[in-house]
Amino acid sequence: MTALAARPAALARRFAPEIALIGVLAVLPAILPHIGGTYDIANRILDWGLFGLGFDLLFGFTGLLSFGQAAFYGAGGFVAAYVLIAPFTNNAVVALIAGTIAAAIFGVVIGYLSLRRTGIYFAMLTLAFGEMFFFLDISPLAQWTGGENGVAGVPEPHLGFGIFSIDINDPSGLYWLLVVIFVVGFWFARRIVASPFGAVLRAIRENGARVAAVGHDVPKYKLTVFVIAAAYAGLAGGLLGLLQGYMPPDAFYLDTSGQLVVQTIIGGAGTLIGPLVGAAVWLYLYTLLQNIAGIGALWKMILGIIFVLLVTIFRRGLCGGAVVLWRRLFARPAPVSASVAASVEPTRAAPEPRRSAQRPPPTGPVVLATRNLTKRYGGLTAVDDVSFELREGEIRAVIGPNGAGKSTFFNMLANVIPPTSGTIEFKGDNITGLGATLVCQRGISKSFQINQIFPSLTVRDNLRIAVLARAYGKFRPAMLRAVDRDGTINAGIEAAAASVQLAERLDTPAAELAYGEKRRLEIGLALATRPQILLLDEPTAGMSPAERVDTVRLLRRIASGVTIVIVEHDMDVVFGLADRITVLFNGHKIAEDTPDAIQANPDVRAAYLGSQAAHEPA
Amino acid sequence: MSLLEVDAINTFYGEAHALFDVSMRIEPHEVVALLGRNGAGKTTTLKTMMGVMAPKSGAIRFNGAPIGGLPPYKIARLGLQLVPEERRIIGGLTVEENIVLAGLSEPKPWPPQRVYDMFPRLGERRRSRGRELSGGEQQMLAIARALVREPQLILLDEPFEGLAPLIVQDLLGICRRLADEGRTIVIVEQNVEAALSLAQRCYILNNGHVVYEGTPGDLRGDPDFMHRHLGI
Amino acid sequence: MFNGLTLGALLVLVAMGLTIIFGTLGVVNFAHGALYAVGAYAGFVTYEYTGSFVAAMAAGAIFLLVVGVVIERGLIRLYYQRPPEDQILVTFGITIVLVEAIRAVFGGLARNIPAPSWAAGIVNLRVTLYPTYRIDVLAIVGVSLVLLYLVLYRTRLGLIVRAGIEDQLMVNILGINVTRTFLTVFGLGAMAAGFAGVINAPIVTVTPDMGADILVQSFVVVVIGGVGSFWGAVVGGLIAGEILSLTAMIQPAYSQVMLFAVMALVLILRPQGLFGVEGRQ
């Protein structure tokens, strides 16, 4: 207690959003009568806001657009109402908890099914499952839910036990109850957003495939946030019954899910407070426009038009807009990024001496091996019976003309695509078919030919995703821990940034980096998982000649600790780096040797110049 | 006036700079080979000519009229036709439908029969779906799709890629016939020998820069240069 | 059985519009149900003025073609390059505007278009008595599907659409302005929805919200049949119609629920749908 009191300023800063929220909600009752509001409207707004907190975690932060949230809102509401009416208890807290848990359980089932697909399918499926709940409610379960009549006679909330119990029997009492629940819900959502779990969610929204590729179990993260959103919805649904003394079946309507989406967009997705503001706009406009002659009936159409306009030209919504405005007015301008684009030299910088000339050939144990690896697409055999062994500490280049099967082979190594036949072994274990996530957890990480970074996250947060995968394993729902309080993680991020020369740029959003820096971040993401084997897919693609020379130097430094396989078009890069080179042609391995021997190999020369007959497979 | 003038174009993939001040000229009735290693920018050059990618700077003129930045369908109607890498046959359509499709926007397209006269193999398979064809047949169809439009300039991107030697010989014969008919062709090919045997002139690209312009004979006379820019 | 066929046929028609628009444009049209409702009202107005059901059908189709074209030019074309979530949001917004516009003009009361005189009465099918109109609906939908099939498989437009579903860029390279085709496709899809709205009007009541159920059901059809597939929509629609009506005979309370249960099953066993191709863009 004293320790906390000793740092009031720090505490105030830490809880600033909650304090501001409590402040506004505390003075609201005094203002309400002057702006045509009532406790009843305020209570509804808070209930929608609570409902929206979960939805915002799901949509605003993770990018999953669900049109079925009404299912959980209704389920939580009816379970809570039924518990009170049956009555199994007269305690509202118990009923609300029961409703929340029920909604979460439904969330597990529907989430499991809906999350099998992404994007549009996910939206369609949640919508369909939401409707299924509505139909379940109105007929097969009518015995318990009252069908189209709903459940009437939900008692006024009775909280606590024994002598500590309170009965709430007026709208102002309900208001304070809702304020307490909303503020706690808001605090919890904000903790999630600021936790390692939340960091992974945001990265999933930006680029889910890459989150999986650095070793996170993306489906599990998605399911978890889906269940959290369902739980929020269930709690808000339970409160709806208490507010109205009646649980209406329209909680299950498609319109309910739709209204939630619209309110969240209007208020601002990804802000947590947005859905509350959106609900205020919706309910307030509804009340206000109703009373204006001539347009009373048009209020919803006007909202619809506003919604379409917001989606089309101003996706941030009111709160998002306010944040942008605030930053523009008060924040210091970000330091102008150091000019990076080195002028493009038409002639190449002198290539570095060959690495192979300076080192003995690698003799360590075999860490990665393929046996008779084959991939067929229909009638086309992209990779044909390739066996290959990689020794610890080696840098191996895979080269070959277009269509030789390099990238197919490479993607099979990283388990991005499964082979048609043959096996891949990592340190003696068969890893064929494990999938990219598990393979990355084992210690094989890949950087991509086309940048797969998280553009709106800072360099620090980009690298954090990869470091977290190594530190926390494929799934760990660390929701209450602050994301930047783990010293080992921070150290990991800084080390990774330093190794790809981005230490100065840690707080720059990735989208603002120069192209060469993005390319380095791409390599950094793979490196930050601390792999034993690093797979680099054309690391210098799109770079200027000067940047290529720098990158070769960088890769040499990195290579002191890891084993590397590199696919690259630029022969100067290949010959400057590789200890050994594997040459693929028409899906076959036609040579594998030191750079000097490869350069002298007549088959390889022919493959590159196209006198086909010499090495065409029989 | 050259048929096609490419004047110092710069093309980007997103932020990745792919072509650096590339300039070239294609005269009527000549076959020009565009050579270079993987990733040198050959396909990007063809795509920029066709309007699939827009150059960020520089000019492209076809018959003297600027076409840089126009959408592909407008460029196609002016008489330029790309036969793209990997052929891109519409797999769900039959051979004949692919041919008809290609002629739809052309006022006087070849009737399918004329294609079958030239490629009897396609005539035999006119009712087969594109995805059922072999690689060589698909390549014939891809070339036929360009021919029905009677283009003034044909851009061939890797026509021999992934095909067996015998089929390559067949296709080479077809290309030679087209050249003998006086058609203007730009060919991009990894198979340097095949491309040089067709061309009167060639350009070599390296890392997005034009590093050589000359005749196949001159190029063959400088094996060191060839190896530096084309081999390994 | 026959109820299922009629309902299934209508679902096929609505889902067909949805699936063609998605297959070609890559846009999931959440406004499809609203377009269906607008079609029903256009038919209703025409019927009130002319007393002719045929005129109502024609008006529903033509008016919706226009509405579809306006929506595509005004809004949808701005969304081809945006993420699918935005496309869903904007079409959802269009739904709100359209449905509320109907409500503002016609009020919330249910309206009715009577079955046309040439289809009034009841047919004795030996096994059961059956309203003539429902059999006519089967015929009408059958004819429209054949027409749609002919348009898709026997015309220039259809050739471009089928090619465009597979490889837009290549079609463009062959000198064809693909965006103009998009406009036509969106218009055609809207037209199918509007037409379905009119012919279903004598069977159900016409209300501003009538599109919601049909939208959800046609999503189910598309998920079952596979997105972007002509035959997927046909088979999916008929399956859905039969599930709804057969379950309704045995256990009415579960008919809708059963539909979603089958969808969940398909999703688990064959996520790309019965006729869908996995991994196509």
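We just call them A, B and C in the order they show up, numbering each chain from 1.
One rule holds in what follows: a contact is a pair of C-beta atoms (placed from the backbone, for glycine too) under 8 Å apart; a residue touches a chain by one contact, two chains touch by 3 or more.
The model shown is predicted, which means the values in this text are computed figures rather than measured ones.
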(Q) Report the chain whose CA-based centre is farthest from the CA-based centre of subunit C. (A) B
**Q.** Most centrally placed chain, judged by C-alpha centres
**A.** A
**Q.** Pair of chains ranked first by number of touching C-beta pairs
**A.** A-C
Q | Length of the line joining the C-alpha centres of subunit A and subunit B, rounded to whole Å | A | 42
Q | Interchain centroid distance [CA atoms averaged], subunit B/subunit C, Å | A | 43
Q. So, what's the distance in Å between the C-alpha centres of subunit C and subunit A?
A. 34
Q) What part of subunit C is in contact with subunit B in the complex they form? A) 156, 159-160, 162-163, 165-167, 169-178
Q. Which positions of subunit B touch subunit A when the two form their complex?
A. 13, 15-18, 20, 37-40, 134-135, 158, 161-162, 164-165, 168, 189-195, 207, 209, 226-227, 230-232
**Q.** subunit C partner contacts - residues on subunit A that touch it in the complex
**A.** 59, 63, 65, 67, 113, 116-117, 119-121, 123-125, 127-129, 131-132, 135-136, 139-140, 142, 254, 258, 261-262, 265, 297-298, 300-301, 303-305, 307-308, 311-312, 315
Q. So in the complex, which bits of subunit C are touching subunit A?
A. 22, 28, 75, 78, 84-90, 92-94, 96-97, 100-101, 103-104, 212-213, 216, 219-220, 222-223, 252-254, 256-257, 260-261, 263-264, 267-268, 271
**Q.** Of all residues in subunit B, those that touch subunit C in their complex
**A.** 50, 52, 71-73, 76-77, 81-82, 84, 88, 90-93, 97, 100-102, 104-106, 145, 149
